[in-house]
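Here come two complexes built around chain A, the first alongside chain B, the second alongside chain C.
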Partner chain A sequence: MATLRLSALRKTYPNGFTALHGADLEIADGELIVVVGPSGCGKSTLLRMLAGLESISDGELVIDDRRVNELEPAQRDVAMVFQNYALYPHMSVADNMGYALKNRRVPKAERRRKVEETARLIGLEDLLDRRPKQLSGGQRQRVAMGRAIVREPRVFLFDEPLSNLDAKLRVQMRLEIRRLQKRLGVTAVYVTHDQVEAMTLADRLVVMNGGRIEQVGTPMHLYERPASRFVAGFIGSPAMNVLDARLEGDSLTLPCGTRLASPVPSPGEAKTVCLGIRPEHLSVVPEGDAIDGDLSVRVELVEPLGADTLVHARLEGQDDPVVARVDGIRAVAEGDSLALRPDAGRLHLFDPETGQRLDPLEPECQHSTFPA
Partner chain B sequence: MATFRHHRVTPWLLLAPQLAVVAIFFFWPAAQAMLQAFYVEDPFGLGRTFVAFENFARVLASAEYYRALGITVTFSVAVALGAMALALLLAVLADRVIKGAGAYKTLLVWPYAVAPAVAGVLWGFMLDPELGLVSAGLGALGIDWNHRLNGGQAMVLVVMASIWKQMSYNFVFFLAGLQAIPRSLLEAAAIDGAGPWRRFWTITFPLLSPTAFFLLVMNSVYAFFETFGTIDATTAGGPGGATRTLVYKVFEDGFIGYDLGASAAQSVLLMGLVGLLTLLQFRYLERKVQY
Partner chain C sequence: MRYRRPGLDIASHALLILALIAFCLPVWLAITAATHDQASLYTGTAPLWFGSEGLDNFRAVLTEPVGRLGTDVTRLLLNSTVMALGIALGKIAIAILAAYAIVFFRFPLRRLCFWLIFITLMLPVEVRIMPTYRVAADLGLLNSYVGLILPLIASATATFLFRQFYLTVPPELLEAARVDGAGPWRFLRDILLPLSTTNIAALFVIMFLYGWNQYLWPLLITTESDHMTIVVSLKRLLSSADNLVPWQTVMATALLAMLPPVAVIVLMQRYFVKGLVDAEK
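Presenting the complex of A and B:
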């Protein structure tokens, strides 16, 4: 149980490559922070710096008011679950779990008691004598979790722990990790590239791109008010549609001629912007009922998913097809012409050059903290 | 299936060259040695008499044989342990090197390409009582080095030369073994509170044990048989038989003493001994080898 403070944390490798350009973040006690981003965005480097496996080039890392930059991994009292589980192949499950306790010279009887207690908590009590080789992927994952839990560390670090599991098990373990983390109340940092995992697990999400933190906030906040085009594209599936538009006064004009009311009025002269509309905020309107502001499109592809259907459609003047998510199985066929009506209250505008959101974020949302 | 059945002869034909080599250079001489062990033969091979187990009885009754056995045990244990320990140390160090790792590894593997006799001459020169650089240095430190007179020093010399030769072989295997250990295991151990020393003994070393076991078998065989050249070039079994190992005695009795029967009996015994040793190692040590 601990609070973490990252101030301008930076990682530059000896070859000059900078993996992390100054990360600032405060993590509250008991909070589950998920760091998400594409491969190579620096999220694993960040996690490894927290663990002490990578040195910190610049900035400060504070755990519970104590600077830990120079501390060895062992002294930081953090536990980590690795992507490949990193179980010791020559030790039984019980020895794997008890290894850290043994290193701390915990007496044998107490060690045994703690290992058994943890094994019960995560349903491993029948497997304590097995070697990792004799376990399934899901069981190995559990042992890796158990090894972290039994130590009662101040911080849990998870490095894509579910990426080697099949889809069904992944969903199950995701719920279990969340449940255990809340039950134990241990502060946790969880790295993943899977945005669904990120959304469902996180108290707060950290979206990273190119070695920088793009945005920090609750999953719903990031979904509703993405700070940049990158976050908008990364959070939510299918990704947000981004259309070219011209902003003049309080109206937006699309290349196809459609005019929409802008959520952000621009008093200055006309400028080019990127208009973001999530697929779920577009509804299908029969062509005859179309009004001003509806997008006239031609359907290219229909993907029925059961609960809802994805409609990929061509809008004049846009390179990429527009995707709409509509309820159930609609009588929409490829080649149809129809109108898509955007939800006027849920439009996002981004600067085409910087990718930043145009309307200012409310200050309290920029650094929303988890309610203690 | 029919197509496969037609080719029953082809595999044997393809194996024939290798089988011929093994048969001519291994099985035939081994059979000859076995046979010869039951005969007394004159030095020129003009006539021989069947004597049943008399050669064995003579060998096993001789104090010289037991002395050589003792020397062999001392020598083999020292060589096997020394060569493995040093190779492991070097492999661990080389595993950490990032810059110029290729050059280091090449240099460390080189001694293996040196012929045993050359290695012996090299070490003999360095420690030559009159000319040697190292022995001169030792003299300056007050150590009077003369392996031509001092049996203990002679043993140290052959052990060192033999270790130096075998270390490269062990090094290659240990390095490969080390590099096969996933980094995340050692990182997990570091996070679990194990310092470098503990990490090595509780994670790295157990994971290297299959490699170490294999090397133990190979090194025992090496120390028993393949050190002949090294010994012959440095001490020739001397002084006073202080470095006369079993394999060297086989050579001495057979080709210097011309007692071919006794020599053959000894080589049969030696063969049995190494077979037994390997069997023991497989039976008792392999079980303890981790995972």
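Presenting the complex of A and C:
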């Protein structure tokens, strides 16, 4: 039960490499924050700094109005679930879970009671005498969770806890983590590179890239109004199509000659922009019904997924194929020529140099306060 | 890959049996000789079967002062045991702590420390025996257990072995322990030591044998029979210039000298086999 405040948190290693260029974030009590980004973006470093496993080079970390920069991990009262679980191999499940309590000199009887209580909560009561190596991957994951829960910490930290599980178990554990976190009401920071995990778990998402926080907001907000090309490409699957275009007045011209109404009027002179359209915001238009503003493409590849079909199509003047997510029953074959109609209200414009979104974001998602 | 050919089976068994005889015959001769009296050992043929004395020779060496040694074998066994245990346990304790410092702590000149320890591998007792003797003598350690143990108590080999093992411990284990509130001592005691039992057992066997078999250093530093070790005494039993070597006594003493190392191996074997079976993965 805690609030966290990160102000200009920096991490520079002795060899001069800066893993984190000043992170600012406020985390509300009971909130589940998911930090997501490609590998090497500094998300794990950030988490380890919160845990106290990495020193803080600069900036301030405040948990519940108390500066904790210099505190040891145990003194910060945080619990961490590691990617490889890091269970003590020679201890039984019960001892693994009770180890932190033992170090805090909690009396044996109380320790036992708490461990059993937690084991019941996460369905481990029959496994308390086992050793970690006698458990399956999912069970180990549960023990790692239990070890964190039993301490009743102020903050949970998860470092890609599900990446060693198979796909089915991952979905199941994802739901369980969400359910437990809400039930216990503990503030949590969860690091992952899996954007589906990120979207489904998060109260708010933090997207990181190259040691910087790119955007903070609710998953839907990031999906609907990505602040940069990077966020646009990272959130949503398949990734957003990004097309080269010229913006002149209130119209966009694609290299193939198609003209679209721009969502962001530009009073000045014509300039090059990146136009982002999500695959699900392109719909197939029957031939003959095509109007001005539809993209005429040639289908290169069709990926049927069941409910939907992904159509990879070539648009004249663009290097990468355009991907459209269309209805599963629609018959589209490779080699077909067809028209794709963009959803006019869901176009995104980005600056080709900085990658920033052209239309200003609403104030509440520019910085990172949690909508109350 | 195993070959299944009867000819090969017979040949390899024959070879193994031969090797077994070559290894066991001296032990067998020692056992039989220890049960004879002196007269029957000097008839010119080595006895291949038990003699008339039974266990009397053993009883004698264990309870009465032996020949020119001036003390009984019980005392010698005790001295050897104290020395071997002291060396083995001391080496293990020091190696564990040294390796722990080198692997898990970041301090200035850490690498230098490691290399300095490593370099001492090149300086066995024999090389530095004169200065070591001088130091021991100046400290008044002649004829004492401390004098027997102390100069042999540090081991670069053991430090190196523990270092290699510690390097294989996943760093997350240390991090998990830190988050769980375990300080350095607790991490060592609760996590690292239980994980290294196999290593400790194996090293204990090796180091106990090393200590038990020490010859040169105990020979130098002990002049009184009270602190003499059994290995050194065995040699002294043989060098009776003026009269016949009491072979029955020598054999009984030699057999007794073999027992503690054998016992250690048999006992510890269980531990490290258990350790191997229990090991993660």
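A few notes on this one:
Here is the rule we use: the second predicted complex is superposed on the first by the 366 of 372 C-alpha atoms of A that agree within 3 Å, B and C clash if a C-alpha of one lies under 4 Å from a C-alpha of the other, contacts with A are read in each partner's own complex, and residues count from 1 in each chain.
Just so it is clear, contacts are C-beta pairs under 8 Å (C-beta built on N, C-alpha and C of every residue); 3 or more make two chains touch, one makes a residue touch a chain.
All figures in this text were calculated on a predicted structure; none of them were measured in a lab.
Superposition of the two structures on chain A leads chain B and chain C into a clash.
Look at A:Q134: by the touch rule set out above, it reaches neither chain B nor chain C.
Look at A:S55: by the touch rule set out above, it reaches neither chain B nor chain C.
Touch criterion not met for A:S237: it reaches neither chain B nor chain C. Once the two complexes are overlaid on the shared chain, A:P89 sits against chain B and chain C alike. Applying the stated contact rule after C-alpha superposition, one finds that A:N103 touches each of chain B and chain C.
In the three-chain superposition model, chain A touches both chain B and chain C at residues 51-53, 72-74, 78-80, 82-84, 86, 88-90, 99-100, 103-104, 133, 147, 151.
The touching residues of chain A, when paired with chain C in their complex, are 51-53, 72-74, 78-80, 82-84, 86-91, 99-100, 103-104, 133, 147, 151. Put simply, chain B touches chain A in their complex at residues 182, 184-185, 187-195, 198, 202-203, 206-207, 209, 290-291.
In the complex of the two chains, the chain A residues touching chain B come out as 51-53, 72-74, 78-80, 82-84, 86, 88-90, 99-100, 103-104, 131, 133, 147, 151. Note for the complex: chain C touches chain A at residues 170, 172-173, 175-182, 186, 190-191, 194-195, 278, 280-281.
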